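After this come two complexes, each holding chain A, first together with chain B and then together with chain C.
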Partner chain A sequence: MPEYMEPVIERSKHFTRPETKAGGIRANKPGPPYARHTQQILKGNFAAAEGARLSRAGFIPAYPITPQTTIIESIATMIRNGKMDATFINMDSEHSVFAAAMGGAQAGERVFTATSGQGLFYAHEVLHAIAHFRLPMVVCNVGRPSIPWNIWSDQSDSIAQRDTGWVQFYGESGQEVLDSILQGYVLAEELDIPVMVVLDAFYQSHTSENVWVPDQDLVDAFLPEKPVRGTEIDLTHPKSMGGMVSPEHYEDFNYTYWKDINRVEDLTNRIGKAFGDQFGRPYGAIEAINIHPGTKKILITLATITTTARGVVTNHPDVGILKVRLFKPFPRKSIVDLLMTSGIDPETCQLITVDRNFLGDNEGALHQEMRRALYGHQFKLYGIFAGLGGKDIPPVTIQKVIDRKLEDPNEIIWIDNE
Partner chain B sequence: MIEIRGHARGGQGMVTAFEILAKIFSKVGGYQVQAFPAFGVERTGAPIMAFLRLAKDQILNRSNVYAPHLVVVFDESLIEQMDVFGGLRSGGSVLINSNKHPSEFKHIAENVFTIPATRISVKQGLGSASLPIVNAAMMGAMMRIFHENIDFAAEVIRENVPAKPDANARSARIAFSSVVKGTSARYTLPELLSHPEQITRSNGFDKSQKASGIKREPDARVPVWDKPMTINKTGNWRVVTPTFGDHPPPCTHNCPAGTDVRLFVKHVSEGKLQEAYEVINQTNPFPAVCGRVCPHFCQQNCNRLALDEELNIAGMERYLGDHFADQEIEQKPVTQKEKIAIIGSGPAGLTAALRLRQKGYPVTVFEAHSKPGGMMRIGIPQFRLPEDVLDREIDRIVLTGVEIQSNRKVTLAELESDFDAVVVATGSPLGAQMYVPNEELALDGLKFLHDFKMHEIRNGIQPGDRVMVIGGGNTAIDVARTARRLGADSMIYYRRSKKEMPAIPSEVREAEAEGVTLQLLHAPVSIMKNGRDFKVVMTRMKLGEPDKSGRRRPIPIAGSEMEITVQHVIKATGQKPDSFAFSGTNLKPKHGQLESSHRIPVFCAGDMVGGATVTESIGSGNRIAKEVDAFFRMEEFTNDVPNADRIVTPEKMNFTYYLPAPGYHNEEIIPKEITGNFDEVVTGLSREEVLAEANRCLHCGDCSDCGNCINYCPDAAIYYDDHNRLRIDYDYCKGCGICFAECPCGAIQLTSEEVEYA
Partner chain C sequence: MYSGSVGCRGCGWSMIARHISSILGEDTVYIVPACCFSIIVGQYPMNALKGNVVHTLFAAAASTATGIRAGLDRKGKEDATVVVLAGDGGTFDIGLAAVSGAAARNENILYICNNNGAYMNTGIQSSTATPYGASTTTDPLPEYKKSWPKDLVGIMESHHVPYVATASPAYMEDFRRKVKKAKEIKGFRMIMVDGPCPAGHKTDPADSIKVARLAVESNLFPLYEVENRAYKVNVKPAQKVPVEKCLELQGRFRHLFKDESGKSVLGEIQAHADQAWETLKEKEGIVSEEYVLTGE
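Up next is the complex of A and B:
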C-alpha cells in the first residue's frame, strides 16, 4: 500500500494529556467563584467566540448567516483589535467555508468556524470529506430549520448531519458552549475527528448571562498546540490528497474510523472529568438530574430545554432529567449504565424524550437514538415533539409533558399542538 | 428571581439596553442574570420583546417571560397593538415611555411610572422623532425605579453603547431625574432586589399560567404566497407608509393657465384627440394660439429632459387647437343677474369673459382697438400667429354669448352705472423708457408692430434701410423680423449676452436664420437725428454680478463708445401698463379685487399686473373669473394649488424603466426670399407625429398599471380590489419602500404619517 493510503494509526490508548501537561496549574475546586477566571456577561455566540480565541484557533474561514453571524463577527473584531492571532477569510458560501476549513486543517492549522441552518445543509458534502479525511476541528452550529422559512431555534439542521462522521455536542448554556469548544479540540485532536458544538438559536445564541472566562494559561495547560502528524501539506514534500481508493482498501479506513468513534464516549467522560479537575466544572457525555429509585418519570433532553426542565422538576421529587450532552456518537453505554444502576423501576418509570427536531419520520432523533440505546432492555419510552421552529418551551409546557397521561409507547405526542 | 419584560420597536435599542442592564445588575449586586430578545425578524419598526431575569442563585428557566414583575414599554403606540401588560404580577410595576402622567395608565397596574424618554433622547440627538433611540433614557429611568446608582450605571452605559457615549450617558442621567411616579405607585422593586429571599426560588412558573395562546394553522401545509401570509401580519412594523395618490407632474404644475397637461397628453396617446382638446379647453380657450406663441412652461421641467429631450407638448396642443375646435358651441343661458364689464379683450379679458359667461353671467367686453385680441392681435406678427387662427378661437368665445364692443376705450366711471362689476385687463401696451438722451426720437416697438399689422403702415422703412432694434425680448425679435420682411437690414442691439435674452430661444434662432444680426453687450448712450439718418452712440458692456432677476448686471466699458449710423431706431426695452381705465381715480393695478370706493367692485387681471405671456394672462383670467363669481356668491376665494408639495421631480422617477426615444419637432421653414413673405414659419405636426410624440410621455406621477409594485412587494401586500384598483393592504405593508423605489413614474409616495384604512 502506498504511503498516502496508509490508515491513520491509533496513537494512544488512554486520554492522559491534562495530568501530564498541567504542570504547576492549580486545580479548581468545583463551583463558582472559579480561580483564574473572569466573570463576564456574554451572549452564547460571544461565549463561543471566546472559546475559539482561548483555543488559539489560527484559521477562521467565515460566511454570515442568522443567528450565527455574531460569532464570526466577534472573532473578526478580536482579530482586528489584536486580541486574537488568526487568519480570517471571508468566503463566498458555506460550501466554500468548509472547503477552506478542510484545506486549513490539512495544512496543520487549528480551524474554527460557525454556521447555521441552510449554511450547514449547503456544506453537507464537505462535512463528510472533513470527517473522513480525519481532520480535527471544532465548528459551532446555531440551530435553525429550513422551510417554512424560519430563523429560530430548531435542531433539524445539525441532526440531519449526524451521519457525516462528526462528533456532536449540544450545549445548555453559554458557559457550556465555551467549555465544550475547549474540550472539543482536545477530543478532536486526540482522535483526528471533527467536532460540532451546537447552540440553540436565540434562547442561547442571543442570551446574555454570567459566563466564567478562564485565563489563557489555564486553557494552554489543558489544550496544548495542535500536534503535528507529519501528514500535513508540506511544500517541500508534495503529496496527493483525495485520490481514489479501491474497494479492497476502502473498508480499512472505515474500520479504523469505527474503532476511533467507539472511543468518543469514553474519552468525552475522561476529558470532561479532567476539565472539571482543572477548571472546576466537570462534564460528561450525559448528566443525570434527580434520578433515584423513586423516580417515576425521566425527561430526556438536549440543550436549553434542560434548564427550564431543571426549574420545573424542583417541584417534582419523582421526576428526573437525563440530559444528553454528547449526541453523536450516541452515548449508549453511559445511558444504559445510569438507568441500570439508578434503581428505577423499569415497569413503572416512564422515559420521555423531548425532541426539537423533525426529520420526516414518526419519531424525533432523540427518541430514535434512545430506542436504539435501550434495545433489549425493558424500559418504557415515550416520545414528545416540542418547541419546533423556536416555539417557546415555557415551564407550563414542561408541566404538560409531566402531567400527560402516557399509555401507549408507540404514540408520538405533539405536546403544544394537540 | 425578578423577571422583567420590555416591549419596543426594532431600532429603539431595547435589546442592547437589556444586555447592558444585565451587566449593570451583575456588577452592582453580584446577580445571576439572563437577558435575551424575542423578535420576529430584525427590522426597524417591528415590535420586539426583550427579557431580563435577575436572581441570587442559578436561573432555571430559558423561556420567555410570561409573568413579569416589571413591564417596560419603549413605545407607547404598542399598547394599542398588543397585550404588553399581559401576565403582569399583582403588585407589579410598569414603566412607560410617555409624556403623559401615570394617572392616565392607572387602570393597568398599581405601580405606574412614566418617563418622557422620546423627548429626552431626541433632544440629545439620539435617533429621529419617528424612530427615537430611547434605550439610554429607559435604562436611566429603570435605575430610578430600582433605586440604583445612576453614576455607576451611566458609566456602564457609556462603555457599552455602540455610538454617542456621552449623549447616551447624559440621556440616562436626565431620565433618572425625570421619572414621573403615579400618585399611588410604590417603589416595590428595590425591596425585591434587597430581599431576594422574599422572592421564592421561583423559576418564573406559576401553575395558573396558560401556555402561549398561538392558534394552530388548521391543516397548514406550507405558507401561501399569492396573498399575504395570514400568520405574519407585519403592518405594525411600519414607520413610513406608502400611498397611491395624486402626484402632479411638472408640466401640469408649471402651466400658468392651469391645464392638466398630463391628462390631455394621455388622451392623445390613446388616440382620444377630441377628449384631449376638451381637457385643454377647460382651462385654455386659446390652444392654437398658445401652441404657437407660449414659451412652453410645461416643457421646461419635463422629466424626459433627464432621459433625452423634453416632450413636444406645444406641438400637440397646436395640432389639437388647429383640428378639433369645430364642434358646435351652445350659447349659455343667462342665470345670474349681475352684469359684468370687462375692459380689454386680450387673453386675460377674453378668458375671464368666457368663464363668467359659462357661469351664467351676462358679460360685455370693451376693446379700444378695432378688433379684439389685445396683444395677440396687435403685438404678434402674422408669421408667428396667423390672423385666422386667432379669429377662430375668439369666435368660439363670442359664440358662448360674450358681447365684444370694439373701438371702445372706456374708463371705470363710464361703466359704473350700467354694470355690477368691472374687470380691468388692459395689459401693458406702452413702451418703457430707456433713459437715454433724445430717446423720443426712437420709434416704439409695439407701435411699429401694431401699425404694420393693423394698418400696413411701414413707418418709413424702405428696402435696404438699416434698422436698429434696441432690446432683447420677444417684441424686439418680432420687430426685427417684421422689418426684415420689409426688406430692411435688421440689427438687434442688446446690452447683455444671448443667454440673458428674455425672448423665446427658438424665436431668436429663427430670427438669426432669417438674417437678423445680433449685436450683444451693446447699450445706447445717445441718439441724434441727421437728415434721414440716425447717429446712435453705443457703448460696449461687460457682465457683472447677478441682479435681482438673477441675470448678470451689464456694466459699461469705459472708452468703448462708438457711433453707428442707421435709418431707423426702434426701441423694445420693456412695456408698462395702460392705466387709462382708471382715469379720474387713484387706483393702481394689482391682481384681484381692488380696494376702491366705487359703487361696484373693481377687479384687475392680466399682463398689467404681471406675467408677460399669453398663457400667464389666460391663467389670470381664469382666476379672476373665479374671484368675481365667489364675490357674488359671497364665498371665500382661494387659489391654492393642490398637492404642490408632491410634484414629481426627476429624483422621484426611476429612469431605469424607460428607454431614450427621439422626439418629433415642428419644422421651421425659413423663406428663401424673406422680403414680403409673411407666411407662418413654424409648421404643424402630422396626426401620426402627434400620436407618436404622445407616446413618449412618462406619465409622471400617474399610475400606468405597470404592475411593478405588485411584483416587487415582498409581503404580497399590494393587490387589485374588486373594482380593479391597486390597493395596499396595510395589515401587511411593513413600509419597506420597495414599491416606492421601483415605481417607474413616481405614483407612490412615502409619508411618515399613518393612513386611515378600514
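Up next is the complex of A and C:
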C-alpha cells in the first residue's frame, strides 16, 4: 500500500483513557488479527446490537421498523438468553420509545435503542428534548427516506435531524458501527450530549461482513460505568427538571450547549486515537484516502459509498476520497486542515460531494456543509446526487462520477438522471 | 407541597396536588406533561413539590414515566412511587396512545388526570373531554360542542389494569381514600379527577367546590372505581339533582338557558347523564359478579 493510502488520523496530545490495571489490558497493535477479540461474520444490525451489549446498556425501549428491526430483535434475544443484563420494553411508538429513553436516562441508566426513517421522523420532537435535557445516550438509525414508501438506503431521515442537537456518526462498515457505539458512549457521557450512529439500510444493515468483536474486559477498560453527574433523579435530593425557563435565562442553556458542542470534533479525534491505542483500530472525525499533492479529484463521501469508492480509486492514483465520519457537528477544522496541508492545487483539484439525501433544496446536505466549511477558501466544490431511495451505487457509478466533466461549480448533477 | 404555587383562584390543581403529595410522601417522582400544572408546580428554578418533578412533552407523560420507572427499578427503588399529573388534553387526546401503551404493559405508574374539560392552559379550546353543550374558544358561540366526551374510565379499565377511579375535590375523603388505595396497588393505576376551572368554566372561584359537588349529585361526574374490572359506585346521591342546577352556575353553558333550543339541549344532557348512570349501575352488578364467578 503506498504511503498516501494510509488513513490520516488526527493525533491528539491530550485525550487519554484511565490507566488500566497492572497485568490487565495490553494495547493492540494496529491491524488484524486483534488481540482480545473474536472474529465473527455479522450483519451490520447485529454488529450494532453487539455494540449495545458490550457497552452494557441497561435500558432498551424498543419499537419495530424496517430495516432496523433485527437490532432490537437481536438485543431482546441476548437479554432472554442471559447474555445481556438490560430492561427491554416493547413501546407503543417511536415517540414513546424516545420519551422512555429520556426518562431512563434521567433516572441514570445507560440507554440504547434503534430506529429508522419514519420512526426517527416521528420521534423528532423528543430528539430535541433529549439533547437539550443534556442526556447522554447512543441510538442507531438505519437510514431510509419518507413518502413515497421506500425502505432502502437513504440518509434523508437522519440528516433531517441534524439540527436537533445530536452528534451524528456515519459508519462505513459493521466494524465501524460497533466501534462507533463504544466511542459514542465515551463522547456522550463526557459531554452529556446524545449520539446517533447511522447505518446504511441493507447494504450495511443486512450485509454480512467480518467483524472483530472485542472482549468485554477490553471494552470495560475503555468505557467505564456511566458516571453519576448529580443531575439524575435522586429521591434523597429532589429536583425539578425541564420547567418553563424565562427569556432571561433560556439563552444560558444554549450557550453552555454551544461551548460543549464545539468540543465534539476535537474530542472525537482524541477518543478515536485512544480507541486505536487500545483496540488497534484508530478513528477520526474524517479519513483521508489517497489525498496527496498530485490528487486531481477528491470524492467526499458518507458511509458505505466510501467502500465502493475505495475500490474504484485503486485504479486512479490521482483520485482521492475524503470520508466524513463525524457529520454533526460538521468537522470543519479537520477538513480545512487536511486540505490546506495536503499539497493539493486549489486551482485544479476538484472536490466532489456525493449526496444520498434530498432535503428539498438545490444541494444535498454534504454539499451544503462542505460549502460552509470551505467558506473563505478557494477550493473548487461540485455536487452530485446519487443512490437515493436505495438505488445501488456500484463501482461503475463511482467511475461515472470520476469521469464526469465538471466545469461550473454551481451546477448540481444527478448522476443517474442526466 | 409548599405554599405559594401559582394556580388560579378556585383551581382544583393546587388542592389535589397538596393532598396527593401528602399521601404519597417524598419518595415520589412526579411526571408533568405540558398542562396547567406544569406552570403551577413552578417555573425554573422553582419546585412547589417536595419530590422530583420531571416536566415532559405533551404526548409523552406515560412514556417518560415508563422510562423513569424502569430506571428506578434497576436501581432497586421499586418502592418509590412514579406518578403522572396530567390534564385532559394530555390524557384524552395527544397523550392517549402513550397512556394506552403504558396501561396495556401494566406499568407500575399512578396516573392522575385532572379533567377540567378543555385545553385551559392555552385558553379554553375544546378537547375530547369537553362536555356536550359547552362553548369554548374553538367551539365558539352561538354554536357549542356537539359531541360527547370519551369514556376514559371505560377505555382504561378495558386495558385490564388493576385500578381506575373517578374522584372529586368536593368529596375529599373519598379522594384521599382512593389515592391511598392506589398507592398500595402495583401496576397501572389511574384516577380521573373532576377539575374546577373558574377561568375556563366561567364560574365564581368561590363556587368551585359547590359546582363539583353538584356534578356528582346530578350524575354528571359520578364517583366510582373499577378494581380488576369490577365496578363499584362510591357515591349514590340520595336525591338526584337536575343537571341544570350544576350547569347554570357555569358561564360556558349560559347559552343553553336563553331559549327553547337551549332547553332541548339541556334535555339531551339530562337524558345522557341518566343513561350513563343506569349503565354504570348495570356494570356494577354484572362485572363484579363475573369476577366473583371466576374467583379473581
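Note that the second predicted complex is superposed on the first by the 396 of 418 C-alpha atoms of A that agree within 3 Å, B and C clash if a C-alpha of one lies under 4 Å from a C-alpha of the other, contacts with A are read in each partner's own complex, and residues count from 1 in each chain.
We take it that a contact is a pair of C-beta atoms (placed from the backbone, for glycine too) under 8 Å apart; a residue touches a chain by one contact, two chains touch by 3 or more.
Bear in mind that the values here come from a model prediction, so they are computed numbers and not experimental data.
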Report task. After lining both complexes up on chain A, report clash or fit for chain B versus chain C. Result -> fit
Query raised in the report: Of the two partner chains, chain B (first) and chain C (second), which one does A:241 touch, if any: first, second, both, or neither?
Result: second
Requested in this report: Have a look at where A:107 lands relative to chain B and chain C in the superposition and call it first, second, both or neither.
Outcome: second
**Report entry** Contacts of A:349 with chain B and chain C, given as first, second, both or neither
**Finding:** neither
Query raised in the report: In the superposed arrangement, does A:129 touch chain B (first), chain C (second), both or neither?
Result: second
Query raised in the report: Regarding the shared-chain residue A:182, is it in contact with chain B (first), chain C (second), both, or neither?
Result: neither
Query - Touching partner for A:310 - first (chain B), second (chain C), both, neither - result: first
Query raised in the report: Where does A:393 make contact in the superposed view: on chain B (first), on chain C (second), on both, or on neither?
Result: first
Report summary line: Min C-alpha distance chain B to chain C after superposition on A, in Å, is 23
Query raised in the report: Which residues of chain A touch chain B in the complex?
Result: 39, 41, 43, 66, 147-149, 151, 202-204, 206-210, 304-305, 307-308, 310-312, 314, 391-397, 399-400, 416-417
Query - chain A partner contacts - residues on chain B that touch it in the complex - result: 15, 18-19, 22-23, 26, 32-38, 41-42, 59-64, 66, 201, 203-205, 207, 209-212, 214, 216, 222-223
Query - Parts of chain A lying in touch with chain C, wherever the complex brings them together - result: 58-59, 61, 87, 89-93, 95-97, 99-109, 111, 125-126, 129, 233-235, 238-246, 249
Query - Contact set on chain C toward chain A in their complex - result: 26-27, 29, 31, 38-39, 41-47, 49-57, 59-60, 62-75, 77, 80, 97-98, 100-102, 104-105
